[in-house]
Amino acid sequence: MALSARNRLKGVIEEIAWGDVLAHVTIRIGDALVESVITRRSAQELGLKQGDPVTAVVKATEVMIEK
Amino acid sequence: MALSARNRLKGVIEEIAWGDVLAHVTIRIGDALVESVITRRSAQELGLKQGDPVTAVVKATEVMIEK
Amino acid sequence: MALSARNRLKGVIEEIAWGDVLAHVTIRIGDALVESVITRRSAQELGLKQGDPVTAVVKATEVMIEK
Amino acid sequence: MALSARNRLKGVIEEIAWGDVLAHVTIRIGDALVESVITRRSAQELGLKQGDPVTAVVKATEVMIEK
Amino acid sequence: MALSARNRLKGVIEEIAWGDVLAHVTIRIGDALVESVITRRSAQELGLKQGDPVTAVVKATEVMIEK
Amino acid sequence: MALSARNRLKGVIEEIAWGDVLAHVTIRIGDALVESVITRRSAQELGLKQGDPVTAVVKATEVMIEK
């Protein structure tokens, strides 16, 4: 099964800050850090923890460009 | 001036597909490709063209995680 | 592999309107129609066509509530 | 008055988890559950509670497709 | 009926650029211009035209801050 | 440097509600209030406080229209 979202960046979880409804997840991707805010429930159901290999997924319409 | 969006990834424009209202921009960021859909007007006003160094910017709430 | 996006609704593609950069896809889900705008490239790479069984996927932070 | 957002799914609130800034609302829509994260203030001002009939509203550009 | 989206700005349509799948709508709101990209179908079904009084609606999680 | 996001509205911070992971920021823009939910970390790193002049930034694809 494949998803229409065009951006997939592989990395490793560096840190998770757990909130009451959301979790703030920091992912190391090469030299860069990518930060994601997802529901606490998704983070729990995926069993996210520091060191996990994960993929950051972003729909193309959500990406802005700065020049 | 700084923006609250937490994700900033530097790369180089590899390709632009121009539509009537939108533009589909492909950015090479290290080994990965990131794709962005922005308005044609923004792409024109920024003068985007192949080879331009640009930064892809994404709000953290728009990043999903796959594991 | 599982994705953090919490909403997954299974249905069947009823219609696709192809634009130059995007595609507008209508999905029948039970009694309801769900409409999605994705890139033309994703729609092509997924080989989307009328009658295909697909899943509409939405991040929880993108869902509003009317009462 | 009508809104441009193309997706409107009617259901009933099954659960609300209240956070400090946000609320995580689960809506039963037929056989499916749809989850929404909105501001705590909106949830309070709408007076959301278990059993309320509500409509989940999603902009078409926020819907991804998996096949 | 009320919607959870917290931002509602009243204005008047100044221009519409019609694309094949989307429409790019420019709204004058006081001294500012706000631009919206919605589906062509929504713009047609709402009968949008220059001079129409409309409200721009934005979910709070989609608003970034620059300082 | 310029960003592709087409909507930029200048105002002054009227209130900040701090959550564990997010901050809910209310901005006065002329006669209107605009509300933004950003990460707590961004709000801290930008040093946001009541009375600060700021700009609300929104991508055009996130703006809906009501008529």
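Chains: A, B, C, D, E and F, in written order; residue numbering restarts at 1 for each.
In this text, a contact is a pair of C-beta atoms (placed from the backbone, for glycine too) under 8 Å apart; a residue touches a chain by one contact, two chains touch by 3 or more.
Since the structure is predicted, the reported quantities are computational estimates derived from the model, not experimental observations.
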Numbering shared by both copies at the subunit F-subunit B contact, with half separating same from different: same
Where subunit A and subunit E are represented by their mean Cα positions, the distance between them in whole Å: 30
Averaged-CA centre spacing for the pair subunit F and subunit A, given as whole angstrom: 23
Multi-chain contact sites of subunit B, meaning residues that touch two or more partners: 1-6, 19-22, 24, 35-39, 41-43, 46, 55, 57, 59-62, 64-67
Overall pattern in which the protein chains touch one another (line/ring/star/complete/other): other
Full enumeration of touching chain pairs: A-B, A-C, A-D, A-F, B-C, B-E, B-F, C-D, C-E, D-E, D-F, E-F
Subunit E - residues contacting subunit C, complex: 1-5, 19-22, 39-41, 59, 61
Subunit D-facing residues of subunit C, complex: 5-9, 24-25, 27, 29-32, 34-38, 42-43, 46-48, 52-67
Touching residues on subunit D, where the partner in the complex is subunit E: 1-6, 36-39, 41-43, 45-46, 55, 57, 59-61
Subunit A residues within the subunit F interface of the complex: 17-24, 35, 37, 61-62, 64-67
